[in-house]
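Report on one structure; see the data block that follows.
Chains: A, B, C and D, in written order; residue numbering restarts at 1 for each.
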Amino acid sequence: MTQLVLGQVLNGAIIGAMYGIIALGITLTFGITGIVNFALGEFMMIGAYATYALAERFGWPYPVAVVPACLIAAAAGYLANKAFFRFTRNNLVNGLLVSIGLISILESAALLFWTATPLEMHFVLPGALRLGEVGLPKMKLVVFAVILAVIVLTYLGLARTWLGRAAFAYAQNPEAAMLMGVHTPRLETAVMLYSTGLAGLGGALYASLYSLEPAMGGVYVLKGMEAAILGGIGSLMGSLWGGVILGVIEGVGSIFLPTAFRDAYGLAILVAILLFRPAGLFGTE
Amino acid sequence: MLQLDAVDCHYAKVHVLRGVSLAVGAGEIVSVIGPNAAGKTTTLRVIAGLKDVSGGAVRYEGEDVTRRPAFERVRRGLILVPEGRQIFPRFSVLDNLLMGAYQRPDRHDLDRDLATVYELFPRLHERRGQKGGSLSGGEQQMLAIARGLMGRPRCLLLDEPSLGLAPIVVAEIGRTIKALAARGLTILLVEQNAAMALELADRAYVLESGHVSLQGQASELRQTDVVKRLYLGA
Amino acid sequence: MILRLVLWSALYALPIFVRSDFLLTILIFTFIYGMLGVTLDLIFGFTGQLSMFHPAVFGVSAYMTYLLASKAGLPFWLATIPSALTAVVLAMIVGSICFKFRLKTFYFAVVTLAFAEVIRLVVLNWNSVTNGTLGLVVTGRPTVWLPGMGVVAIKGPVAWYYLTLVSLTLTVIVCARCLSSWMGRCFGAIRLNEDLARTLGIDVFRYKLASFAVGNALASFAGGLYGYYTAYIDPGYLSINQSMDVLAMVLLGGQGTLIGPIVGSLVLTSLPHVIDLRAEARAILYGAILIFTILVMPRGIVGTFNAWRARRAA
Amino acid sequence: MLLEVRGLTKRFMGLTAVSDVSFTVEPGEIMGIIGPNGSGKTTLLSMMAGLLAPTAGAVRWQGEEIQHLRPDVIAARGIVKTFQNPQVFAELTVFDNAMVATHLALKRSRGARRLGELVGLGRAAERTLAGQVAEALALCNLGGATRQLAGNLSYGEEKMLGLAMALMCRPRLLLLDEPASGLGREEIDNLVAVLTKVHAAGATLCIVDHKVGFLRGIARRVIALDHGEKIAEGPPEAVLENPAVIEAYLGRAHAPA
């Protein structure tokens, strides 16, 4: 029993880290620029399929394929921002609807191009580490480590640099930030590039573990949104913890309670936390 | 140093500024007074680049900056301290001040500037670790001015620094503005508190429904009947 | 006013001139989705609460109405009453929790979405009653009593056309009644400035709950009709996509207007049928239209039209 | 005694904004509250109006404790507060703004008539209210702007609209948070005229403001706060000469010679 729980905790933490990387993108774009990008899951899908294409069709080694995959996702994000998202600043509903439109377009395009048949990559890194009675696939550990590193580096990058200070200033009062000499349009573009690039990275990592479908983004953006709110919008480390908590609760919950309601456990916790801490676990109001 | 030539400005269809011309010489304190909705704040927003003009030109240090973006004007030392103490509430006082120096190329070495600012506002030194949002109104206004100074302005634009402040704080802010001018800073002050504005300024403009209705030496304006009746309440 | 009367009369007269089943089918779907859109607009466009709870009420009512009719032998019309009451109770519970804790915008949307998801999971997994993913095939038809004709079963496009059109008309009338009264004025006050409304003595909690309950109760009826019309109910009724579709209709047509959601519903339901494209291309077109509307016509079709008319009148 | 504030205290995460403040408001008086920025004036007013829950202490309205009641309930009892930064429904016309504010008049009418109005049948009552709205707007110098959108008003006009809306609630006690701040000379004169009329009509006023001259002209009694504590109370002249008030609030420049 203990092993089962422990195994689910570890698995949940890894899945949760994936939620966390999407949550980080949501928190960054919404917290800093006031734009809701609900379509981040689609950029994740783009990253995943790009990795697949580069690794399986062109035969690039996986680590080499990841980088251009992120860049492709970020480039798509740049276009989406230039064409759509920058007009939805501080307008939650418009952001949401533009996202829905974009999801519809990107998902259908992926269906046209890749069909609905799930695709699977060859094992990138086979084998597992044994931790007592619990087996952990090596690749999952690598994925977890990469995500952890990315989130911590993002946190440090924003907490310790002038760019980060400018970003936080912009988040609190865009006009005052402009009066301090912050090049605000460039900052906004940078945030958008970074968040979609992150989603692309999430997708690239996802591709190494699970099979790909055009609709994969939908689930992850929902979970990412939950994780971001759970951790507190605007809190970078909160998005990681929010994701991990969500993943672990879903994993452990489905041992003791019916698996069919897996998605509900996280939601129940989310609602409970929102009622008592409206700003999320790590958020400040 | 700073010059507005027949500036026109619209919000939606409302004509807010109608051919406003004014000039600020180097080292001067110039005040703009006038009733609500006369366009005082808009004038400053136009100068700072937060609002586009629909006609006319803004010249700064001999160059036409009408079409330059806001952050570029800041880099040239044209700095606005906005109305309503728009500080960064979740930053500490120190971070607020550092943010003021964001655009400076030498921003990594700010100890001297910080010392100067703290000397001017000892209260901010006491509260340097506190969050901006937890300061009182008067302290926030001082922080906003201090943050403006951290950018090493050559021309400082102040929008209603006395608004909603206790008399004792208003007096303190007045003293500060004088002290800054004594160091040679050029200041354009927009105020509804005409008594204070005319006392501090060398020259002043009266703005009414979007155009300049009166201008001259502050000491002379104080003597005119219109100003006495409408703004000084004598 | 006159324009509106003419439009409604035209809708009522339409089957006399048009015999195309294809067109009537599109309009029947338009009317049912229109009911959902109008009721969502009451909560979102008029009161300012972005609710994602609509599909839950829509789906639960579809199941309940059919199950009560088939298992308990109630006539369709009687079966809609407990469904509507259930919708009100659900709305009261979810609404009370959200409004008590003053959840707004984003947070309100996510929490209502969460409740809707939980209800969807219950429906999906309660196999003995709902038959899970396979869904239920609806047999039987609603009947109405008509003067001179006695009790008639609703079948065929024309009958369904009138049934759904009358339902939509009643929904619009109820909403319009609410909105033209003090209730509507208070809804608007809450949407525009909640804190101010509170200091003016408006009981924000109660009015928000009223808007949420009325909207959901009316939406439940649309669920009952939809199940019977399509003769098939599955957990997809409760999906998030449903929520998004209705929201898109409201925005495309024009939020904060009663006619807007119906126009939005007409465009988005007819589009896939009018243009002959494969499914994927259609979804792309759908997305493109949505984005275009939001960015170019943020007030929606009706909102833009009204603004244009106001400008011309001025 | 109309209202009694006893030992009222408010702490925000370790910061004490209002500390053990007690005073009373007598029916029909005009009371002023002064104090430096951050001395807790707005917090005090918000607690009296039910917008904030006090950490300790009580607010008694005609002998009944009301500090735990919701703001809309308190407003219905007759205590109405205006905002420092004008709050209006920007997308409604000036007239509609004031019309929304007549909600309380409706709420106080009981029984069948109330039900009728809720579902929109009370057209006659609506007309009466509309007449009263027009009157209040004219009083506040907004008679010419009734069809304008409130969002297009100037700052001073928005403040007067806020006052007109508060008046439509038929307050017994009107709490005004810095009604004169940001207003020009003429606007203040108009404000004084309106407030004098409202007071003559029977309302009790409690005014927070920094414009000492304005308060001196209108208030009969003033209390002064500093760091959340009451430091002086009495007739305006006495309070304004109080050394503690001069030290904390007025500064020496304003001290009477």
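Here is the rule we use: contacts are C-beta pairs under 8 Å (C-beta built on N, C-alpha and C of every residue); 3 or more make two chains touch, one makes a residue touch a chain.
Nothing here was measured: the structure is a model prediction, and the numbers come from that model.
Student: Highest contact-pair count belongs to which two chains?
Tutor: By contact count, the leading interface is A-C.
Student: Sort the other chains by how far their Cα centres are from that of chain A and give me the top one.
Tutor: The chain farthest from chain A, judged by C-alpha centres, is D.
Student: Per the centroid of Cα atoms for each chain, what is the distance between chain B and chain C, given in Å?
Tutor: 53
Student: Report the inter-chain centroid distance for chain A and chain D in whole angstrom, where each centroid is the mean of the CA atoms.
Tutor: Their C-alpha centroids are separated by 48 Å.
Student: With chain centres defined as C-alpha means, what is the inter-centre distance between chain B and chain D in Å?
Tutor: Measuring from centre to centre gives 31 Å for this pair.
Student: What whole-number Å value describes the gap between the mean CA coordinates of chain A and chain B?
Tutor: 43
Student: Quick check: what residues of chain C touch more than one other chain, meaning two or more?
Tutor: In chain C, no residue touches two or more other chains.
Student: Scan chain A for residues touching two or more other chains and write them down.
Tutor: Not one residue in chain A touches at least two other chains.
Student: Specify, in ascending order, the residues of chain B that touch 2 or more different other chains.
Tutor: none
Student: What is the complete set of touching chain pairs?
Tutor: Listed in label order, the chain pairs in contact are A-B, A-C, B-D, C-D.
Student: Under the stated contact criterion, what part of chain B meets chain A in this complex?
Tutor: 48, 50, 69-71, 74-75, 79-80, 82, 86-91, 95, 98-100, 102-103, 107, 147, 151
Student: Going by the contact rule set out above, which residues of chain C touch chain D in the complex?
Tutor: 177, 180-183, 185-186, 188-189, 192-193, 195-204
Student: Per the contact definition, I'd like the list of chain C residues that touch chain A in the complex.
Tutor: These residues of chain C touch chain A: 50, 97, 101-103, 105-107, 109-111, 114-115, 117-118, 121, 124-125, 240, 244, 247-248, 251, 279-284, 286-291, 294-295, 298.
Student: Which positions of chain D touch chain B when the two form their complex?
Tutor: Result: residues 15, 35-39, 84, 152, 154-157, 178, 181-187, 210, 212-213, 248-251, 253-254 of chain D touch chain B.
Student: Along chain D, where are the residues that touch chain C in the complex?
Tutor: By the definition above, chain D touches chain C via 49, 51, 70-73, 75-76, 80-81, 83, 87-92, 99-101, 103-104, 106-107, 117-120, 165, 169.
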